[in-house]
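Down below are the structures I want you to see.
After this come two complexes, each holding chain A, first together with chain B and then together with chain C.
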Partner chain A sequence: MKRVQFSSPLLPYLFLAPQLAVIVIFFYWPSVRAIQSSFYLEDPFGFGSTFVGFDNYLGVLLSPEYLSIARFTALFTALVTFFSLALGLLLAVKADAVIRGNAAYKTLLISVYAIAPPVAGLIGMMFFDQHIGPFVKIAAFFGWEMKVGLSYFDTAFAMIFVAVWKQIPYNFIFFLSGLQALPASVREAAAIDCRSGIKRFWTVIFPLLAPTAFFLLIINVTYALFDTFGVIDVMVKDKAANNPITLVYKVYMDGFRGNDIGGSSAQSVILMIVVFVLTVLQFRFIERRIHYT
Partner chain B sequence: MHRTRILDHAVLILGALFLTLPVVVAFMTSTHEAAAIHSTGLMLSPGGHLVETYETVLTRKGGFTGQVTGARMMMNSFILGIGFAVGKIALSMLAAYAIVYFRFRFATLAFWVIFTTLLLPLEVRIMPSYEVMSSLGLINSYTGLIVPLLASATGTFYFRQFFKSVPEELLEAARIDGAGPFKFFIDVLVPLSKTMIAAIFIIMFVYGWNQYLWPMLMTTDERFFTLMRGIKQILQVWIGSQIPDYNEAFALAVLAMLPPVLMVVLFQSWFIKGLTESDK
Partner chain C sequence: MIKQFSLAAISIALTATSSLAATNITWWHGMAGRNGEVINEVAQKFNAAQTACALTPVSKGTYEEALASGIAAFRSGEQPNILQVFDAGAATIINAKGAVVPAEDLIKEAGYDFDRNAFIEGVRYFYADSDGKFVGMPFNSSAPIMYINDEALKKAGVEAPKTWEEFEAAAPKLKEAGYIPLVQAQLTWQFTENFFSRNNIQFATNNNGYDSVVDTKLKVTDPNLVMMFDKLKSWADEGYFAYYGAGWNDNQKPFEENKVALWIGSSGSFGGLQKTAQMPFSATFLPYWGSIAGAGTNSFIGGAALFAMAGKPAEENKCVADFFQFLTSPEIQKFYHQATGYVAITTAAYELTKSEGYYEKTPVAEVGIKQLMLPAGEWSKGYRLGFYPQIREIMEREYGRIFSGETTVKDAFDTIEREGNELLARFAKTAG
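Let's turn to the complex of A and B:
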């Protein structure tokens, strides 16, 4: 905090009031409601509710369906995170190496950043469409009869593909600015000591990028868990039956389609715990980075 | 040395094609007729129906009630994007100002109350949020669309970091010159934050414009539909039709991505600066 500060009995509260009001009404109130209703069995027609303790949690955690969705979510998150980080890093390293045309590549590579997940999903649907999709034709050439929307595996493949496509620019931006922030002296010293470019990258450059990479790892996991909702919703088109979905989608399906408010709330709380752990990790890490730089 | 350069360019060109080609194809295909797309597939060259397809999408009254047009949805998307960005900047600048520049009793508590919101994305508390909104009677209103999205600390966090980097001497000098809290904020801090405000505006506009789940739940009245909500709609009509209106779906997708993409591409340097420097 600042050495010199204003001191006023009323002003700081006045300045904080709008932000706090919005947060209390639209954040704390719903969050408390979620925790509360996760312990109740609510009548879907609104005729009251009964306290059931941890039944909703047990119901969720013991259901084979929930567990298989959790497994898919973990796999989906791992693959999306890995591929979007790897491709983002590869492109950033190449863009950093190229001097001529650097700006043009940069513009092209970040342009997709601003596309919304459902729009990405819609474009993806077209590319994987049974009649007009070029990807389906390419797959058919290799003897893979692709049926996105009908076959579990094919839909999962398409979803991961679209989710990765949309996330590459974000990782590219961060890796590139991380690379460009590295001191020239370090690079020159490394270049003198080590002739092999690949070895130099993994032993000198990559460790220096590690803070950026770790930050991005958490952001990408959060992206894959939550922000892909739009991609999934567009690609499964409300027919979740045989299609792969993630945990967030399940919260939505049970709450709004299935009217299972207790179960949906219990799932929300489980996800809250997951996000809480991730954010604590991120915070600890950010604090450390500030400390050392 | 020479050969690696060529390889670098090759990788970059492949990457750029992979990322941008789908967008180009989406645009090109939207300028053809649905029947032509149905028989030949996606297009890489422009067709002759650009004006009529986009005119149809923007002006035809569609939906169940026959009230909503593409132009209306676009306007709603702009209201959501701009309203959200402006609201976010106003709320978070004030809050960050109080936290950084004032000495008061519950400063630490206020800090934690605000920053806990970073822990839970809207998606995980979606069901109770909806209940709260319906008990407040805010379903189908711009207030209900925008204000609940403001309940997160990202903006406050950005401005807090930025204010902390502003030199101490400025406040000392301003106080010697007799400037009070309001004068210092308006005459010193706001002009200093211009670039930061621009960068955050871009990031927040894109975020607001791209909202999908929240508008989907909050709006049942078609007059409040945003473009993202329209995409959901077009997909629902799709199921069961003989020759789907591929061209119109693509045109809608192009309209939905054009403003945020333009914003990011045109104001690239601000946007990158805001994005990468604010979360340190």
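Let's turn to the complex of A and C:
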């Protein structure tokens, strides 16, 4: 590796300072404050706060409601990650094989990514609107009386559908460029050795795509856990009622809507721990099996 | 639109510069769209009417966002002079002793007289303390009323029901005429809180929470309330009632589309309905149960109040008092009432609007105010419950489960009472 020489030992820190300042102000400082508040029971206006130890955590973890939201979040994350990766990959493989007019296909597939999450949520909400939604009419044709906003299952279906739809283009872009970066010689050699395209894909192409897939896995899990907030907020129309929500939405409801600072801080600390554990696990167990070229 | 906006911006800027010596005060609110524009108009009228004070309104998004911003600002010492807080958030701000200057004290200190009886009955107590002193200044106020599809009732040959018993008798005929007999808009506000007010039943211990936060407990397992929801569920099963989830608009739409005979909405809904409803409609009071002794009292006000935040210099507080005086004057109340559909909150403003013949042209506008002017009962004055926005969320969740068949009415109310009481106990600890 090439060593860069700075004339003063302080200069590199100066260059790092803006980035570090952003991280400290917008990440570490709020995290520390959240950990601190999670041990207190506080009047929202800040008049009195009582140290309550782990009460906030116990209250959250012992609540059956919280646990059922946690179960839904796990399921939601797994399904959204799986379907958006699988469909993104499928479309990328197909688009990679198209020769004539491939730019048009690619642009069409990528353009959805330019839609902001709340707008995607809004479009999704209209698709699934009880009174005017075209999807609801299609479902009714097949004898499925969809009631998004009233039936837990139907709302969950609509939410996962919109969240996946929103994420496919992102995965598509990465998989497609990953595919196009594969050396043609490897593909040709594989084509001589094996006639089955599906087998060739799983034994040669997919392992070569693994670094991209691993990166996307982490990004998609984070997306499903956190970035789907906008989609969920719009789909439940500000009133969660008996509809499914994720843990992040619950933090928002209790903290910003309910003004329960201690309880929602405890929830956000729990989420921080979950994300930390998940990231460590992914790097320990999955990354080991991946070969970077 | 942009032109209008820039005109408004210029005029605000002009008033701000032309009154250089004026005391500046800020007003954070949670209103958007047309209602937000009307707030700007009210502020302009105030700034034009006097020179000592300059008021700047700022929209902070929704009610919840306005309250959250106000709290965050208060904690960092940057609070506005006036904060709009919605009905369900009233306990949060009133119980935070020292966060606000009671409106009545503020107005008296500024040298004005304050007459509680000038306000109509249903408005008088909701934002007051247990002694009746106004803590918040009632602002945009509404009542849950019943809208009537005139065509549907004519077709079915029935009269608009005054009581739920009358509704039960009329429902089969309305259904036969091809309509969904009943739809509501917000079960928490219309069939829970205002079930207690209209039927004059106690909602929570400690005088509905007014007397103390300590040991306040919900009384939602009240047999009458359970009966109301048992009825709603059985009406839903028979096709006399339809529930489209917790979202307001999902429930309003079928009425606009002439599919519903009776719709429980807000007294403020008629402005929108006049544009969207495909049939002629009228309105009447929210029904009550004839079988419940003492029922038929007035309803609580919905909407929001204005709170004068503490920690501000005396001259700014004087300006806030001036503005509150200005806001409750009959002329401004009449303007606000007609521009937004919210009810006029003083008797004088109501009389003025009436004398000008406004209600003869738009009789629907009078229904909400008349319902709020009905005689008050012991339990129709208001409620003061901590973490109430979260308690409402629990209710919404359980009500959804009732109508999707995931739980029974009795289990739902047991859950609401248990989880609600846990939240109330938690709130008592934060406020204590």
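In this text, the second predicted complex is superposed on the first by the 256 of 293 C-alpha atoms of A that agree within 3 Å, B and C clash if a C-alpha of one lies under 4 Å from a C-alpha of the other, contacts with A are read in each partner's own complex, and residues count from 1 in each chain.
We adopt the following convention: a contact is a pair of C-beta atoms (placed from the backbone, for glycine too) under 8 Å apart; a residue touches a chain by one contact, two chains touch by 3 or more.
Treat the numbers as computed from the prediction; the structure is a model and nothing was measured.
Q: One more residue to check, A:W144. First (chain B), second (chain C), both or neither?
A: A:W144 sits against neither chain B nor chain C.
Q: Which partner does A:F256 reach: the first (chain B), the second (chain C), both, or neither?
A: both
Q: For A:F206, is the partner it touches chain B (first), chain C (second), both, or none of the two (neither)?
A: Touch status of A:F206: no partner.
Q: Check the contacts made with chain A and report whether chain B or chain C touches more of its residues.
A: B
Q: Should A:Q130 be classified as contacting the first partner (chain B), the second (chain C), both, or neither?
A: In the superposition, A:Q130 contacts chain C only.
Q: So, does A:D233 touch the first partner chain B, the second partner chain C, both, or neither?
A: first
Q: Now for A:T50: first (chain B), second (chain C), both, or neither, which partner does it touch?
A: In the superposition, A:T50 touches chain C alone.
Q: Check chain A for residues that touch chain B in one structure and chain C in the other, and list them.
A: 131, 237-238, 256
Q: For chain A, which residues are in contact with chain C within the complex?
A: Touch list, chain A to chain C: 41-48, 50, 59, 65, 129-131, 147-152, 237-243, 253-254, 256-260, 262-263.
Q: Inside the complex, what are the residues of chain A that reach chain B?
A: Residue positions touching the partner: 1-9, 11-13, 15-16, 18-20, 22-23, 25-27, 29-31, 33-34, 37, 87, 90-91, 94-95, 97-98, 101, 105-119, 122-127, 131-134, 137, 165, 168-169, 173-174, 177, 197, 215, 222, 226, 229-230, 233-234, 237-238, 248, 251-252, 255-256, 261, 264-265, 268, 271-272, 275-276, 279, 286, 289-290.
Q: Under the definition above, what is the set of chain B residues touching chain A in their complex?
A: 4-5, 8-9, 11-12, 15-16, 18-20, 22-23, 25-26, 29, 37-38, 41-42, 90-92, 94-95, 97-104, 107, 110, 113-114, 117-121, 123-132, 136, 147-148, 150-153, 156, 164, 168, 171-172, 175, 181, 184, 206, 209-210, 212-213, 217, 228, 231-232, 235-236, 238-239, 246, 249-250, 253, 256-257, 260-261, 263-265, 268, 272, 275-276, 279-280
Q: Which of the residues in chain C end up touching chain A in this complex?
A: Within the complex, chain C touches chain A at residues 62, 64-65, 67-68, 71, 74-75, 89, 92-93, 96-99, 243-247, 249-250, 253-254, 257, 387, 389-390, 393, 396-401, 403-404, 406, 419, 426, 429-432.
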